[in-house]
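Note that subunit A is present in both complexes that follow, paired respectively with subunit B and with subunit C.
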Partner chain A sequence: MDTWIEETLPMVFLAVLDGTVTAFVLALIALGLSLVFGVMRIVNVSHGEFFMLGAVFSWFAYHWTADSVWGFVLALLIAPVIVGFIAVFSERFILRKVEYNPESTIVATIGILYIIQQLTLMGFGPEARPVEAPIYFRVSFPWFGYSGYKLLVAVMSGLCLCGIWLLLKRTKLGLYMRATQQDYEIATTFGVPTKKIYASVFALGGGLAALAGVLVVPIRQADHLMGLEPLLLSFIVVIIGGLGSIRGTIIAAFLIGISDGIISVFYEPTLAKMLATLFVVMILIIKPSGLFGENYQ
Partner chain B sequence: MLIIDRISSSYDQVRVLSDISMNIKEGEVLGLLGRNGAGKSTLLKSIMGLIKIDEGTIRLDDVVLSKKLAHEIPECGIGYIPQGRRLFPQLTVEENLKMGLYTRNSNNDVLDWALSLFPVLKTRLKQKSGTLSGGEQQMLATARALCLKPRYILMDEPSEGLMPKLIETIFDIVEKLKSENVSVLLVEQKIEGTLRISDRIVFIENGTLKEETTPEQLNDNPEPLEKYVGVKSQKDAGSQSFK
Partner chain C sequence: MMSKKKDENVDQQSELNLTRRSVLGASAAIAGAGIIGSQLIDPVAKTAYAAGSDEPIRIGFQAHRTGIGALYGRWYERTTNAAAKYINSIGGIAGRPIEIITEDDGTDPKRGADVVEKLATKHNVDFVYGTLFSHVVMGSAPRAGELKIPYFVVSEGYHVASGALNRYVFQPCITDVRSQITAVSNWIFGNLGKNVALIYPDYAFGYDHRDYASAAAAKSGAKITAKIAIPPTASSFTRYFVKIPKNTDVIYHVMVGPGVLTFVREMGEHYGTRHPKLFGFIDSLEGVNINSPGLEFLDGSHFWEAMPRYADGYATSGSNFYRDKVGVDNTGASKSDSKDVSAYSHMFGCWETLFAIKEAVEQSGYKSKKDYKTLIETFEGFAGFNEGIAHPQGSKVFSGKTHQCYGQQFVSQVKNGKFNVVHRTSIADGMYEPETDYTKKSL
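And then the complex of A and B:
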């Protein structure tokens, strides 16, 4: 029995640690998707491509500066901004043209997905490319050492989430975003430029995904197809947490991230995805608005 | 003066308002009466820019409101209390009021003034507005619009679903606003109260302005009341509403 605990405990700890890192990054990506849906009522199928662009820009920054630290800092500052502009461009010239119609925007964002993906394929190539982590150190635990960069990713993601929380709860822009989410017509009668709010939210969502891409790329490699898995996981998180619910998105990201970590360590990563998808089906049957779906009057 | 000059509006190519002209003077309460579906709410939404007008112009003094974007209209000093309150239910009472304050960068004196009219809201500032009672919600909807310190305020059935005591409070607030030189365009189903506080009354039917009169004239000749809202006289109206 003691031997079993001695063997299992470190694995559980590792799984929870890995799961927590995944959860923080996932929360960052899914929060963008959730905000876009909550405020604009748009299911953004191209969201994963913003994540991929962040990773690809990070690779370019790394090669341009030829320095892992400066490349990382540059990517961290520039990638979310560039992707934010791409998002604003898409919102202005595509989504606004279809008047944010829910069905049309799904088709439109699928189009955006393919355009971004294929342009990246043309400019970046089909192969996966590694990016060196800006710092390398190991944190020693009693049973094993753990990548310090991964912990840094979790901390930075956590700080970003806190920043978004403060933006939404403590600023005028955040208040306008939440008001627009609840009743865009009445928000207009209080001087809220709802179209600009839509553009800001779409840019913010894209920027968050790009930021997550920059943070993740040293852990995995950059390639033009890397946006699909986070897109799927983000949808799972957002549906479980409740579309448009920020608190629900973050809690669901931890639920999925940590369970993914544990199941992946003890069984198979594929099983983790299968169970998560099954969980989504159950949620859709039992509580379609999600665990924390906000009920408006 | 708020001038509505020969405006027409449509919903999905169906004409809802036709050739409507009227004006609201400063410090005046104008009652807008008509049956359900007559176009009263559409007129208010058209003024707020929520429904695009097909023809005509809406002006506030020298400013052409009908050429402005919807979100620019409140900045000119026009507040709107929609039918059914339509608060932001997940925002707190305080946040709902801030929406009004931010519109024209009003200061805390305006907030204090609005809260002095509805003291009960002071104790509910941190509560989500969706959890308030119907009466409190109406008070908040009114206070929220007042927070933008409007020169003109458009009220769409503020007494809907309220108990008589609260209805009186709302009418008292309208009179108080009038005394502070705020103009009110009041759409109401409670005829007696509307006639009591309005300076002028206009009747609307099938999207067309039919008649303009005063409460005093209606006292002498109540025929328009029966014709356009189905009430025989002011006495009959009592506190009843029409359908």
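And then the complex of A and C:
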């Protein structure tokens, strides 16, 4: 019993705590991907790069404000907007040109991924660059300490998720988005500006990823390759939760985040990734639409 | 032979304590193991060779311009260009100018093999050189063997000396991980503690650390309390620290990749002020300013360095000359941008390898590709290289059997926002019995 309290309990506690923080951030990133799929029916492979751009802009803002915390505030306000514009630009001049054809958009967004990544490498450089957290404090638990800022990131991600939910359920834009998601043609007939909605959704997806990038950059660093891991995890989350289902995305993010924490702590992190991937395969075989997804043909 | 200089404080202004005699002493072990008639070489001293043709010696540089190795690649490229420029200014190689042809391998093994092929066939280079990341070396070396072109790597991996590659592959001027660990492990166990938790990346380079640190611990009565492999894609590390047992005296950490600042900060958050001692490999912090926010936790901790980043750590005339030529200031950053920190414990290998190639070409009378056999045999006959402008990191003992060199290592402590050298090993500290003999393999 003593060894359980001394050794196992702190590990369980940490696994759940760390997993929850991961889950909140993951939900925020995956939500953008899920929205884009749900409304536009396209798979955006460059989604991770929007996350990376958020982090990189955050570094620039931090740098321009002479390494002050105002840089973080500036980035929080500006980065999602800039990335949103980049998303609108690529939607207007690339995705619209290929008429949102599923195969073509995959190839096109892979192209966008490489363009963004290589431009960042040229302009920002290959190294990882740190950004200081706006608020820094250590939360002491009986067995170990934990980053206070990380807990703050979880809270802020949670607030953003609530904001998106309100946007979708309580605003006209949200209504249009849901209408477009349900039936593009009927929505168009009823006067929903579907083309503008597509652009807005793509911008919102990119902006959310960028916002997550800004929030996360003080707990890791900005580097030009950081978009890959969240992209893969987002795909896992979105497939498990059900493509296009907001509720599914959030539940799956918690499922993946917390199980990743527990398996990593008690076994191996590689095993956690393997099991997550296996879970995706099982879902695709047993319930291809995901846990909460609609049936798409 | 394996004399130890424990607790030796390095006289930081000392000039070249490694004499020709001590290198010869170390090389005697190898000579005893079968290499006879080998020579020690001091290339810059003898620049008076017969004028050669105007046809350049073409060296294909396999560079990590993009991918995870891009930071190292940038500095490898700067060092290579600086060395080539200097070699040309002193008369080139055997009177022929040196020409560097650079190709990006994307730090990718598959592309690495393609680059070797492109350099050898399309660019028609004399030699291929410069690769760092071990998986790229592993991917590219077989192609170099098939094309029968000498392939000089600057990689640190144990793969060359292990015998896993072929007779065309050499690592003449940077020591391998096994040797580095062998050299500094006694210092770690003797000065920091005997209960050691290992944290290393979850791939071949990390396994070398795990295996040879465990072997060294077993030999000196130290105990490994935990072996924690971290996937290279990890971006959060908190969950790993909880696995470190309470009785751990020392955390031995080697991390490569962009996660290192997070790694350190999270370790600080986890432990607070009471924590085990830390010993790290500088690979984690190459290109990273030690005064970056979040690295405060490393204050007082120790690091292995191959070549001290701060100029006062090893201020010999050769190393000062080299530092100036590659454009690095006294703190290890670019002279033109103090935020651009170098990969100082690795990039010297590029400078030195080009001089080793120069020496092999001149000694063997290499003229064209048909002379590869003589060149390789000449190289295998080398016993080492003397410290100086050509080998600023220090003298090297070279083993023709393993195609791998041995050299001195440094232990530095982080204090007052800089690295301070506290111990320098002898070459002999890092030597081990050869496990292969490339000279017996066919060409």
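Note that the second predicted complex is superposed on the first by the 291 of 297 C-alpha atoms of A that agree within 3 Å, B and C clash if a C-alpha of one lies under 4 Å from a C-alpha of the other, contacts with A are read in each partner's own complex, and residues count from 1 in each chain.
In this text, a residue touches a chain if its C-beta (ideal position, glycine included) is under 8 Å from a C-beta of that chain, and two chains touch if they have at least 3 such contacts.
Every value quoted in this text rests on a predicted model; they were computed, and no experiment measured them.
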item: Which superposed partner A:G123 touches (first subunit B, second subunit C, both, neither); value: neither
item: Partner chain(s) touched by A:G191 [first = subunit B, second = subunit C, both, neither]; value: first
item: More subunit A residues in contact - subunit B or subunit C; value: C
item: Which superposed partner A:P288 touches (first subunit B, second subunit C, both, neither); value: neither
item: Touched partner set for A:G163, first subunit B, second subunit C, both or neither; value: neither
item: First (subunit B), second (subunit C), both or neither touched by A:Q182; value: first
item: Subunit B/subunit C common contact set on subunit A; value: none
item: Subunit B residues within the subunit A interface of the complex; value: 48-50, 69-75, 80, 82, 86, 88-91, 95, 98-100, 102-104, 130, 144, 148
item: List of subunit A residues in touch with subunit C within their complex; value: 10-11, 14-15, 18, 22, 118, 121, 125-128, 130, 132, 138, 140, 143-147, 219-221, 223, 225-226, 228-229, 261, 264-265, 268-270, 273
item: Subunit A partner contacts - residues on subunit C that touch it in the complex; value: 66-68, 70-71, 73-74, 202, 229-231, 233-236, 238-239, 241-243, 258-262, 265-266, 269-272, 287-288, 292-294
item: Residue ranges of subunit A in contact with subunit B within the complex; value: 172, 175-176, 178-179, 182-183, 185-194, 294, 296-297
